[in-house]
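Quick one: the structure is below, questions incoming.
All chains are identified by letter, namely A, B, C, D and E, in their written order; residue positions are counted from 1 within each chain.
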């Protein structure tokens, strides 16, 4: 073929459509940037994207379509855990490299050596949040208000194990269902328990609800959020006043001076007229990791590309300097701690303690 | 035939099977159920647990999980004895939500993570994949359809229909509404369970959201669209509603809208289903016969 | 004690929003015996129209009025174009149609307004009210008051006027009602217009209360309100209100105190099933044979 | 007052009425007699607007405007506008509103008429006629016994002071005492108030006894018409519809 | 009144059925002898249909007992009372509307089979069953409408269908609730003949009727209810001349 075909699965409709859009826009940006510089191995890249609506049963058919009909050589997994987890074994079987952007389920990389992840495991991000809580904020008592899904639960686990190991006490722990808008009953209870910090997970909608309603009932507890908060929408919906001072752990650092990060942020803004977020950035990187793999392999042969990706070292990504992948394909990169100041995310700190960020721990 | 097509065809086959079960409950027994995905899920979870935790093979698990689902269906059919019509419809929505919550919240069922590693069935030392799996689904669907065909022609079928039409009069004819309603729920649920088994071993991993309320809606739409109470209806409905989204796939952003609009148009202008009485298709067929 | 009051007030506010959403549904069910799932879509449309009008005019009242008018139109259109012609078919036929409409509305909202959650540009400046130890948020007052007014108006219409009687008669035997001189088409349209306008109010209030307007905002209410109206007794307006308030309170208290391991949405249905085991016709429903 | 021309009604492919023509003079009581399934109910329901006609006309002439008026075709009007003209029906199977109370059912009878009808008096009259209804004022329609429902249906039609009353087997389910009462009420209303009545009745002896004229309906067509007294003497009619000679009185 | 050793098929003892404060049936006792035609008459709202509903198991009695062939049946579910041989028609007709007239009758034929899974699993639509069902339709004069859906029948025809369906059960006791109302005069005569024929086949019949021509000529005995209680009982001649019955029910008319 005269182009190199790369696939993308993303939730362009359905409950996660907003994330799907950020993913698609970012990857398209990356494709154009690469092609503008002459492509890779002298060929242009052609993107084949499909909408899995965030559902496993949709994704499995589409994975086959990408491989068997579109003949892609590698795939960016730009969707959530459930669909990505469903397709990982298929790509393994087809021997097509898959780099998941932000899906968090452990089984994805466990499917085999063709499956990689450029996002944090929940436990890693949870430990990162733990560092922010006890090491940066010096919390003695903590609370947890956890979103009820795989990510929320794993994160809570990582967080809890870290803070407890550092001697902090968990005084409130509650799981809430996804999509919950009325968080008052929980927050009122948090107010009663009065921990120093609370880890409150959620996607931007729940996050905005938590932060806004906490502001309304004048909750004093410092809120630590996670990558789900990492969206300009969060600040917009919560209102800058309520959002101010919220700390989150994520993988995009807006104050990162490295040109690659600044260029992405600038071009994204210009091209789409909106703020980039972590989901887009992470998949942008996932795509570039594949391109980099092809370039270093010097071929599109999936086995060689896979080996090249596995051998990645100190890759200069938008989401930080990626140290590489573990033998099972989990990314090793620093956790970014950000704080909302004057209505925008700013750097608060970086967690790069190998003990914390190594997914094998 | 590419893998993509067999995937779509397998899903259609599975849905046709599950919708056929719903057809027994709604079409023949007249008990509106909006929670059929719960039984689909119970079948899938049963086989997942039987195979991953108890180490059973697919071929043992298939009948066992079907049976288990049928039994639970009998149990969950009990509300239909107490509440009727729209009350029942909404109660079954409730059942769907509660069953899904149990999958989600009881750690035994794997929580939000679901259950993975459900084995692909093996027959004569070949893994049943792609076309082979499609063949398996087709054979089972044919069996179920044949069963339905017989069911409606038995005294049981007649009694079930009588209850649908007039429960008090059916009672005066010696028909126990308890027995036949529960029976309909049992059979219908067992079919859904069978579909769930096939689904689980095809996708290889399952999670609570695969069996949520929207799936129930889709199943009911299939049964109604094809022609409720007609044996081929659910199959046709599954083919139409299963392939429409695939046809619209190139229209990414507009796909689901078109799907909704298409469903609306069909139901609005063929309210008795594509195969139902007075539909374009059935009129064509009967004209030819004359 | 103060905590308890806060829970109670929050529960009441949430409950009255549920009531507004359920009311229209109960009315529509009352007249056509259709499980009008698309009502939740109308509610989402109300929120969007309210939001855009608010952005354009900066006036809460105008936003509400425009949203009500728009939703009344949409509601009547759904009734005339889809439900009315489907009345003679079994109940699942209009139900499926309703679900298809709902799906289409959700998708249309997403296509037109984008998949994002939108917020009201400026929070309404509402003072909070302090009564002794209890402080009521401005939003809560707004929600409670609006709901109360609407409830009273609807109760009056349905219980004290000839139109209300005609609504009931139409729902029980449409042909006979028209033989008694009732213009049943008009009565049905009035019912849909009223119910949909109330949904618009609910949509706008929810949009402001949580500051979130998004395409799938109707998904949860779509089925939860169904549970509410059956618990209340299908078609019974006071029943729907009672059930909605009870549910709002129960949710607030259970989540606040009992830390139950089930999502609140399952709660509504568990409550429903318990009610049915005791009173199959719902809290205020009439027994029918 | 009502002139029906070539009325044809079909349910799907089944023709229930074919080319039926007849008329009703103002103040007249006309009886329609026919076997089961002949189309009597269909006829009344079509005139009321409960069933749609396939073709034909039914011209309604306002009694007040005497002389050369052409009247309007009520088949083109929706049922509620026919009701507004003063056409009312006592339908087959009573069809009371099941979940409305007795009183609400009666209120439906005067729907939209509160200006033109003395509701209090009208209610008083029917309560006097059927005391059981007053007793059961607050009971839901569907819990009434069959005969009580029938009484309610009659009362509901009478309270509106109709101009044309369509009556479909008014005696169905009523006890003998009430059957006599109801027929005498119909006769009185017809005599004294000039109420125009179209009477469908299986009890043909009674019907022909009080009606002025009659029509015999056979499988959807008018087979015979004439003065009531002539019809009841007609041997063929006696044979087929009056139960032969066994048709004595009721007791 | 019943003599010892008399062959009673149905015994109703001190039966009451109240709805809230309303005593629809209050402390009523009567019996039906095997092979007779007994009429249950009385003013509208007297409680006749309610009696049927209790006997046939639609309602439980508030108090009192019902014996069929000596064994108690009150409170049993309707279907098991039907299975014991009580067939009935409904005053407010209840056809299986979506099914054909023929299948409506088939449902009745199936009665002996509904009790067990094994027996209810054979196919029903064979020529033998069709023939039997058609025979019942013939008796009531509906053979021409066998393949029409029941929902399109006129009221008079629905009454006949109700009767055919109940006959198909082969009941030993048949309860007819105003089965003659709405029938044309000619049909009434024919149906009376049919009822007599059924009686000759050994069936027992309990009927509610407001048509006195029918009640007086068919029934050997009459039980008169009023306001939930028993007002009178006796032969047609006795009842017809009973002042209380005339006052409450028959009226002075004609």
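The working rule: a residue touches a chain if its C-beta (ideal position, glycine included) is under 8 Å from a C-beta of that chain, and two chains touch if they have at least 3 such contacts.
Just so it is clear, the structure is predicted and the values come from calculations on it, not from any experiment.
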item: Intersection of the contact lists for subunit A and subunit D; value: C
item: Both-way neighbours, i.e. chains that touch subunit C and touch subunit B; value: A
item: D-E or C-D, whichever has more C-beta pairs in contact; value: D-E
item: Subunit B and subunit E, separation of their C-alpha mean positions in angstrom; value: 42
item: Inter-chain centre distance, subunit A versus subunit B - centres from mean C-alpha coordinates, in Å; value: 36
item: Where subunit A and subunit E are represented by their mean Cα positions, the distance between them in whole Å; value: 74
item: For subunit A, residues that touch 2 or more chains besides their own; value: 13, 148
item: Sequence positions of subunit C contacting 2 or more other chains; value: 107, 261, 263, 265, 289
item: Multi-chain contact sites of subunit D, meaning residues that touch two or more partners; value: none
item: Chain-to-chain touches, reported pairwise for every pair that qualifies; value: A-B, A-C, B-C, B-E, C-D, D-E
item: Touching residues on subunit B, where the partner in the complex is subunit E; value: 150, 153-159, 161-162, 164-166, 168-180, 183
item: Contact set on subunit A toward subunit B in their complex; value: 12-14, 50-51, 53, 55-57, 60-62, 64-65, 67-69, 82, 85-86, 89, 105, 107, 148-150, 153
item: Residue numbers on subunit E that touch subunit D, as the complex places them; value: 19, 42-46, 48-50, 91-92, 152-157, 160, 178, 181-189, 210-213, 216, 240, 248-251, 253-254
item: Residue ranges of subunit C touching subunit A (in the complex, touch as defined); value: 3, 6-7, 10, 14, 107, 110, 114-117, 119, 123, 137, 206, 210-212, 214-216, 219-220, 251-253, 255-257, 259, 261, 263-265
item: Residue ranges of subunit C in contact with subunit B within the complex; value: 29, 33, 35, 81-82, 85-86, 89-93, 95-97, 99-104, 106-108, 111, 223, 226-227, 230, 234, 261-263, 265-266, 268-270, 272-273, 276-277, 280-282, 289
